[in-house]
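The structure appears below as structure tokens.
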Amino acid sequence: MRLSAVLLNCTLKTSPEVSNTQALMDHVVNHLEDLDVACESIRIVDYNVPFGVSSDEGDGDEWPQILEKIIAGDILIIGTPIWFGVRSSVCQLVIERLDGTYNSTNEVGQYPLYNTVAGVVVTGNEDGAHDAASTTLFNLSHLGCTIPPNADTYWLGDAGPGPSFIEADGWSSAYTQKTASWMSHNVVHLARMLKEHPIPPEGNTVPMKHGG
Amino acid sequence: MRLSAVLLNCTLKTSPEVSNTQALMDHVVNHLEDLDVACESIRIVDYNVPFGVSSDEGDGDEWPQILEKIIAGDILIIGTPIWFGVRSSVCQLVIERLDGTYNSTNEVGQYPLYNTVAGVVVTGNEDGAHDAASTTLFNLSHLGCTIPPNADTYWLGDAGPGPSFIEADGWSSAYTQKTASWMSHNVVHLARMLKEHPIPPEGNTVPMKHGG
Amino acid sequence: MRLSAVLLNCTLKTSPEVSNTQALMDHVVNHLEDLDVACESIRIVDYNVPFGVSSDEGDGDEWPQILEKIIAGDILIIGTPIWFGVRSSVCQLVIERLDGTYNSTNEVGQYPLYNTVAGVVVTGNEDGAHDAASTTLFNLSHLGCTIPPNADTYWLGDAGPGPSFIEADGWSSAYTQKTASWMSHNVVHLARMLKEHPIPPEGNTVPMKHGG
Amino acid sequence: MRLSAVLLNCTLKTSPEVSNTQALMDHVVNHLEDLDVACESIRIVDYNVPFGVSSDEGDGDEWPQILEKIIAGDILIIGTPIWFGVRSSVCQLVIERLDGTYNSTNEVGQYPLYNTVAGVVVTGNEDGAHDAASTTLFNLSHLGCTIPPNADTYWLGDAGPGPSFIEADGWSSAYTQKTASWMSHNVVHLARMLKEHPIPPEGNTVPMKHGG
């Protein structure tokens, strides 16, 4: 069965402005498609996604349709720029909105993101990739995702302000190329495994809520 | 085949001083043993483990014998107290020493900790569990470990100084009990899966070093 | 000369919803007013403050009027709830918008927030206050603020989900009371000092931009 | 009156091994001496400083003599390498040992580090400076230090493993040069201010302990 991936770009910039984070995400998409994964990239700020911690904040909230895709996918990749050494406000907003999934379960009683495999893509002028990646992967593990080995790829320039990923030709970095490939392969390896052998609903289920 | 787990206690206190972190780790051991996992707990400060980033710093370094057990195990649990809002110096030392594993590989060319599943146990008077857990799990994922859903358990009191886990009867916390059980089950679920279906050595191997 | 303080509440909830963070901030306001400081509290989500990293994103952006007050004030207090172990998306947005201040200077050539003293107020069900406070105070120090001793106050419940500040009667916490008082006194002590003896523009100025 | 600074190098390497962190710290020393500050650099791992959270762990503990110098100084600079995206285990150990100062006070009843000004120096192959600096400065603010604007300087290479500060000629970085100079000037500006006008013992004192 073919795997599918949803990639959320948490840039601050709306389309059609060029996103450096998307540029690195596109390389990940190339890898995933080579591994026969159907990919969809979503730029969060192009949608009406208000602040909140529920799965539907009403009033034209477009998060529900994004969430549906996330839950249907086998792989979830979150891409974020770094601002002030940490992940973007949009990335934090996405994680906050995922809080709503704690109120429902999959058909066997686990959190909805069980059996989803997660990875992270980070770009910045400098410094902050470990913090952005570790906070985000940890949050996703709390939400039910499985984190494979080497589940992050990033590009950064050296200390201080400087050119961004595209302008700096960040893809020429051997480290970024290697980690983009490793992450892509490992999310696929684990997603295949979990597709064939889902995590048993033993010792990790929650009491169903009314209509949950 | 029976699974095995190594649990590293990164308390600052040498035996026989009572370790609050060990007290919570012991509950995890109970869960793991109920799931038929052979467990060994190691209190790092009871050994001669000097600062460094290689797998053998010489001069009576006892890290090599601990590392051997870690690599032989299917599950690696790191337990740490919180000091000043983050994981202990001993926990950071353990992670630094694991840097040495980047210089060798398993028999198929992956980092030695591939196919090991990781979890984290944290105790503190207050505040810092997310930071300690996320930094540690992220580091372990870089080293090759797989992180299952809900891979951490912790106990904390409310804001400010206060009693520690044992004195406060921390085990009476429903949240700590639940997460200890979930973590134990999930590390076992994933470890069984990886034992039967190891992560394929595709897209995640390193060039073998001399004798590596 | 009378001191003035601006307090930014970075809750996710718009008025008139009750904000737990505001409830703790109000105690800080009481302390500051007792010390003869003129206080203004601003709830960011009640204004149109779009994502961005400039001081005016146009199109009805209401950040410029908030920024003007921040720069005019002697003391800047940022209040944030904790979500997923870190500061809120709204708090991150505020910090991102302050990036725009790097493009201007005060009248002696320092960043505009030089001679402003900063403090932080954090509330959450549990865990994350150190991370939220340290990231925020560090960012503010980069932007030019001075951080006095014990510049943060927070309230948290114990591990896991639970009641929030108001419901839990968080103000009964001796630690929260003490730190709210200490923070209030220390931001005032330093602000008075910097009002009388501003940081000399030696070794810390930037070349003026056109019209800077 | 002449100011004095104590600089703690938290490298993992004992003398006479070359420390990259010391190399950047030496540039800070040059700046401080130009500003007429008496400087003493201490490499922690050259001393017997055991794990612990008291000011004297006995048994040949050499921390007490280091602590005496720290408390006598006007400025405290902590230098740390980055390992796995965060500050070194030795740096964490130093912060843990400073926990002991909470049990005593200065002559007016404040924590002993009140009226000390703090700064941080960080070096790494890549990524982690913000995390190392913010955690460390925040901890020092809790311990009583004042943090001036732009209180950190660091050098990092771009993403992935690579040469360290000395080999990479990190001092050629305009950003590192600028921040080293700014930090040095600002710790001196604030230290002079606090020497002439100490933080008043109002709203920030602790009940004296026996013999404290």
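General observations
In order of appearance the chains are A, B, C and D, and numbering begins at 1 in each one.
The definition used in the following text is that a residue touches a chain if its C-beta (ideal position, glycine included) is under 8 Å from a C-beta of that chain, and two chains touch if they have at least 3 such contacts.
Since the model is a prediction, treat every value here as computed from it, not as a measurement.
Simply put, chain A must spin 180° to overlay its Cα atoms on chain D, rounded in steps of 5. Comparing the centres of all chains, each the average of its CA atoms, the largest separation from chain B belongs to C.
Centroid to centroid, with C-alpha atoms defining each point, chain B and chain C lie 37 Å apart.
Computed centre separation for the pair chain A/chain C is 30 angstrom, with centres defined by C-alpha atoms. Averaged C-alpha coordinates put the centre of chain A at 25 Å from the centre of chain B.
Touching two or more other chains at once are residues 84-86, 130, 134-135, 138-139, 142 of chain C.
Residues 84-86, 126-131, 134, 154-161, 170, 173-176, 178-179 of chain A are the ones that touch chain D when the two sit in their complex.
Those residues of chain D whose C-beta lies close enough to touch chain B in the complex are 12, 45, 51-53, 83-90, 92-93, 95-96, 99, 135, 138-139, 142. Of all the residues in chain D, the ones that touch chain C in their complex are 110-111, 113-114, 130, 133-135, 137-139, 141-152, 181-182, 184-186, 189-190, 193, 197, 199-200, 202-204.
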